[in-house]
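Several structures are given next for inspection.
Consider the two complexes below, in which subunit A is the common component and subunit B and subunit C are the respective partners.
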Partner chain A sequence: MDFFELGNLQKYFGENHVVDDASFCVKRGEVFSLLGPSGCGKTTILRMIGGFEEPDGGKIFLDNEEITNLPPNKRKINTVFQNYALFPHMSVRDNIAFGPRTSGIKEAEVEKMVDEMLEIIRLKDLGDRMPANISGGQKQRIAIARALINKPKLLLLDEPLAALDLKLRQYMLLELDRIHDEVGTTFIYVTHDQGEAMSLSDRIAVMNNGKIEQIGTPAEIYENPKTRFVASFIGDTNFFEGTVTENIDREYTKIDMVGLGEYPAYNDKKFEKGDRVTVSIRPEKFSIFMKEPGDNLNNCEGVVEDIVYQGAQTRYWVRVKDYRINVVMQHNRCSLDFKQPTWGDKVWVAWHRDDVTLLESPH
Partner chain B sequence: MTKVNSRFTSLFVTIFVIIFMYLPIVMLVTMSFNASRYGGKWTGFSLKWYETLFRDHSVINATMNTLFVALMATIFSTIIGTLAAWVLNAYKNSNVQRLHYGLIYAPLVVPDVLMGISLLLMFVSLKVDLGLTTVILAHITFCVSYVAFTVLARLQDFDFALIQAAQDLGAGSFRIFIKIILPLLLPGIIAGAMMAFTLSMDDFVVTFFVGGPGSTTLPVKVYSMMKHGPPAIINALSVVFMAVTFTVAIIGNVLLRKKSSPSRAVAQH
Partner chain C sequence: MDSRSVIGRFFSKIKHGVPEWALSAPSVVWLLLFFLIPSLLVFAIAFRTADPSGGIDDGWTLETIKNVLRPEYVWVLWRTVWVSVAVTVICLLLSIPVGYWISRQNPKYRYWYLLIFIMPLWTNFLIRIFAWRILLNPEGFLRRALIAMGIIPSDVFLLNNIGAVIIVTVYTCLPFAILPIYAAAEKFNYSLLEAAQDLGASRFKAFYSIFLPGIRRGIITAILVVLIPSMGSYAIPDLVGGVNGEMLGNKIAIRASAYRNLPEAAALAAMLSIIITIPIIVLWLRQRRVAKTTGSALKSHVEGGLVK
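And then the complex of A and B:
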């Protein structure tokens, strides 16, 4: 049995099935993210783990102990709340000391623990301030310290960076990573921001409509999405509908992409001849050529419709028959061995057969 | 030019309002130091009315009654009112609580006379002897509403995530109440208590109806003295009475303002 286990968790709010049979395991010391759009049920799962919401079915295990029905104050779990929920009438020190004092630890020991925590979050000088007089990023770190001082087996973080501006968010992301490295506590992190989840997590569970669609490392989820939703929610992608016309060998298959023609594609999901599939190809997997590329690349001919310069890269929309294909090109001398395409240029959009993800067609 | 004019106007209005409201009180205070028995004409500064006042046992008795009634009414109405506010806030979407809200609200708008008569009717039909007990019960009845609404206003700012945070940190219900809920609601509760105290001290109409032998409070005393005693003593008595009421009211106000500011600031973030 893993360190933390969630088995077939169910939750209804009235008629709404907000959590539909959610199961996952988390290893000790891991950062595990629940990622999904708002309303997908990720926060509800977190609240059930924390004990603030009672599941309508399923079990929760932590460190070989079932905790499904324990009240929040009896779980060795602490939470960093979305809006921090610092106690406004207590100083920073008293906020951090709340947990240890509640569990009856001697005052001298508590003081030492608080000092240690302030050290870890690097806010030694702020101990005597009131929460109203510190910045958002500082509140965030104090909320983390207030939770971690109890040495929880599991730390839950509910959209901890959502209230911060972009610069601070990036900084706090690094801080969170550093704090995790320092304390080694197991984190379960809820977010709707794929960037946050990707950069912080060891593994991610992508959720949609109360269901977990896929669990995997950030790279697995990005490179090898299992469902159409995961492919479109994590990063950008282009979808094409198609039908398997012929299995070339055990790994490759031929797809008739509607309106484009037949192309070979990597087939890891073992689709059979006649299966309808959705083909997902990410923008950066495409390249644009000014003349027809060689036979080893799949390609089709189109016209540049839109160009958006984004500094590190340029985004093109190329019209190919009924499709508007989104292509991202990096700028560097190695890849730009041709003149840059401009509006109305006739170009070839090319991709490698291994860069294709085949998904079950919704139709 | 217009700016100067509007400034002048607002100053004028302010002065007018102040005179309108406080001139009678200033006259009362002045007259209480007047040596003349019947007032009207200033015949010299004197403290003799205060002396007479403090020697009068019935006045001291009435003062003690007033303070005792106010204290009792404050304690009970604060407890009941706070609980009522908590329940009103926690279950604001239930129909029972909507009715409850209406019932708590009613005493704020029901005329005192009506309240006095209805309470008197009730006490009489229940065969309760009129006296201090009935006065206290009556005062609790109308004070509860004021406390409930003051605390309710405070509760509307209350961040209930704090309770979950405290639970999350291992605290049980009792500790949460003592360490989180009470300190955060305290300014509201104190303000409500102060309001209850001053309202109870001031009340004449309801007390007049439900009072009995031995339950004379200061306002009732002042009224009866208007008929018999020398008016100058009443002046002195009124000044003392007013001083006490003002002090309580001011303390209440200061407490409410000082304590409420930090958490308001947080709530806005």
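And then the complex of A and C:
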């Protein structure tokens, strides 16, 4: 049994099936993210782990102990709430000391623990301030310290960076990572921001409509999405509808992409001849050529419609029959030294057969 | 200069926030004329000699002050204080759960619940007290039912005693305690209670160590709006209190009307004013401390307006 286990969790709000048979395991010391759009049920799962909602079915285990029906104050779990939930009538020190004081630890020991936590979050000078007098990023770190001081077996973080502005978010992301390295606590992190989830997590569960669609490392989820939702929610992609016309061998298959023609594609999901599929190709997997590329690459001919120059890369939209294909080209060499495609140019869009993801068609 | 430009200049000055004193002048003048000066007059009258016909004589005396410090009055004063404190405590014990409960209800229905608690105020104060007289009457339904159920022994009377004063005062003050507590509870961030439980606190500990301090402004306001009127209470003890339920307000009324001794009535009134000022000053200092610690002095200035 893994360190933390969630088995077939169910939750209804009235008629709404907000959590539909969610199961996953988390290893000790791991950062595990629940990622999905708002209303997908991720926060409800977190609240059930924390003990603030009762599941309508399923079980929760932590460190070989079933905790499904324990009240929040009896679980060795602490939460960093979305809006920090710092106690406004207590100083920063008293906020951090709340947990140990409640559990009856001696005052001298509590003071020492608080100093230690203030050291970890690098806010030693703010101990006597009131929460109203500190910035958002500082509140965030204090909320983390207030949770971590209890030495929880599991730390839950509910959209902890959502209320911060972009620069602070990026900084706090690094801080969170550093704090995790320092204390080694197991984190379950809820977010709707794929960037946060990707950069922080060891593994991610992508959720939609109460269901977990896929669990995997950030790279697995990005490069090999299992469903159309995961492919579109994580990063950008281009979708094409198609039908399997023949299986070339055990690995490759030929797809008739509607309106474009037949192309070979990597077939890891074992689609059979006649299956309808959705083909997903990420923008950076495409290349643009000014003349027809060599035989190794799949390609099709089109016209450049839109160009957005982004410094490190350029984004093109190329019209190929009924499709507007989104292509991202990295500038590995100085882009001024080469002739770049421009509006109205006739170009070839090319991709490798291995960089195609075949998904079950919704039709 | 025509009037339009004068008005225009006046408002543009307000907009720039210049004459702050000018804006508060009307209320300051009002308080001075109709509150502070009359209060000082009452204090002054306490030192004048009484005129047998019910007016005030020309002389000055300290006799009246000595007179009102007689044990008989100190007794009534003590009763006034403890009854008011008891009423305030009972009101808080009732209104905090009610305020909490209403603030946790669906926002769509909150105002209806609030309305239920405020509705009694639509009936005249005196009529409601008379209604209690009927309810608590020795031959009334309530007492008979309680005796029949064995809840009270048959020699206990509900009317014309201090218990009746407390019950009826709590009844009349309760809406005024519920309103500020509900207002504070509605603004309270309930995720703080979850945070406290998350950090190991029981529901009860979360309630008293996080919720009560969180709504302390509402509690302080509720204390003031219940404690002060009940200390000055006159009609309720007069109608349901009987001989042993008399409070200072009744003594003042009797001295002023039946005994026609204005200086003694004034001395008692002054004593009551001083007693009432004590909790105001204590709570005001407390609120100032609270304001300082939360670092929002301006906010408390606005919300604590009632205190001043």
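The rule we apply is simple: the second predicted complex is superposed on the first by the 358 of 363 C-alpha atoms of A that agree within 3 Å, B and C clash if a C-alpha of one lies under 4 Å from a C-alpha of the other, contacts with A are read in each partner's own complex, and residues count from 1 in each chain.
Criterion: a residue touches a chain if its C-beta (ideal position, glycine included) is under 8 Å from a C-beta of that chain, and two chains touch if they have at least 3 such contacts.
Since the model is a prediction, treat every value here as computed from it, not as a measurement.
Undergrad: Have a look at subunit B and subunit C on subunit A after the superposition and call it: clash or fit.
TA: Here the two partners, once superposed via subunit A, clash with each other.
Undergrad: Just checking: does A:332 make contact with subunit B only, subunit C only, both, or neither of them? Give me first, second, both or neither.
TA: Once the two structures are laid over each other on A, A:332 reaches no partner at all.
Undergrad: Name the contact category of A:38: first (subunit B only), second (subunit C only), both, or neither.
TA: Touch status of A:38: no partner.
Undergrad: Is A:85 touching the first partner subunit B, the second partner subunit C, both, or neither of them?
TA: In the superposed model, A:85 contacts both subunit B and subunit C.
Undergrad: For A:64 in the superposed arrangement: first (subunit B), second (subunit C), both or neither?
TA: Touch status of A:64: no partner.
Undergrad: Go through the superposed model and pick first if A:146 touches only subunit B, second if only subunit C, both, or neither.
TA: Both partners.
Undergrad: Hey, what residues of subunit A end up touching subunit B and subunit C alike?
TA: The answer is residues 50-52, 71-73, 77-79, 81, 83, 85-89, 98-99, 102-103, 130, 132, 146-147, 150 of subunit A.
Undergrad: Could you please specify the touching residues of subunit C with respect to subunit A in the complex?
TA: Residues of subunit C touching subunit A: 189, 191-192, 194-202, 205, 210, 213-214, 216, 290, 293-296.
Undergrad: Show me the residue ranges of subunit A that touch subunit C in the complex, using the header's touch definition.
TA: 50-52, 71-73, 77-79, 81-83, 85-89, 98-99, 102-103, 130, 132-133, 146-147, 150
Undergrad: Please name which positions on subunit A make contact with subunit B in the complex.
TA: Residue positions touching the partner: 50-52, 71-73, 77-79, 81, 83, 85-89, 98-99, 102-103, 130-132, 136, 146-147, 150.
Undergrad: Okay, in this complex, where on subunit B does subunit A touch?
TA: 159, 161-162, 164-172, 175, 179-180, 183-184, 262-263, 265-266, 269
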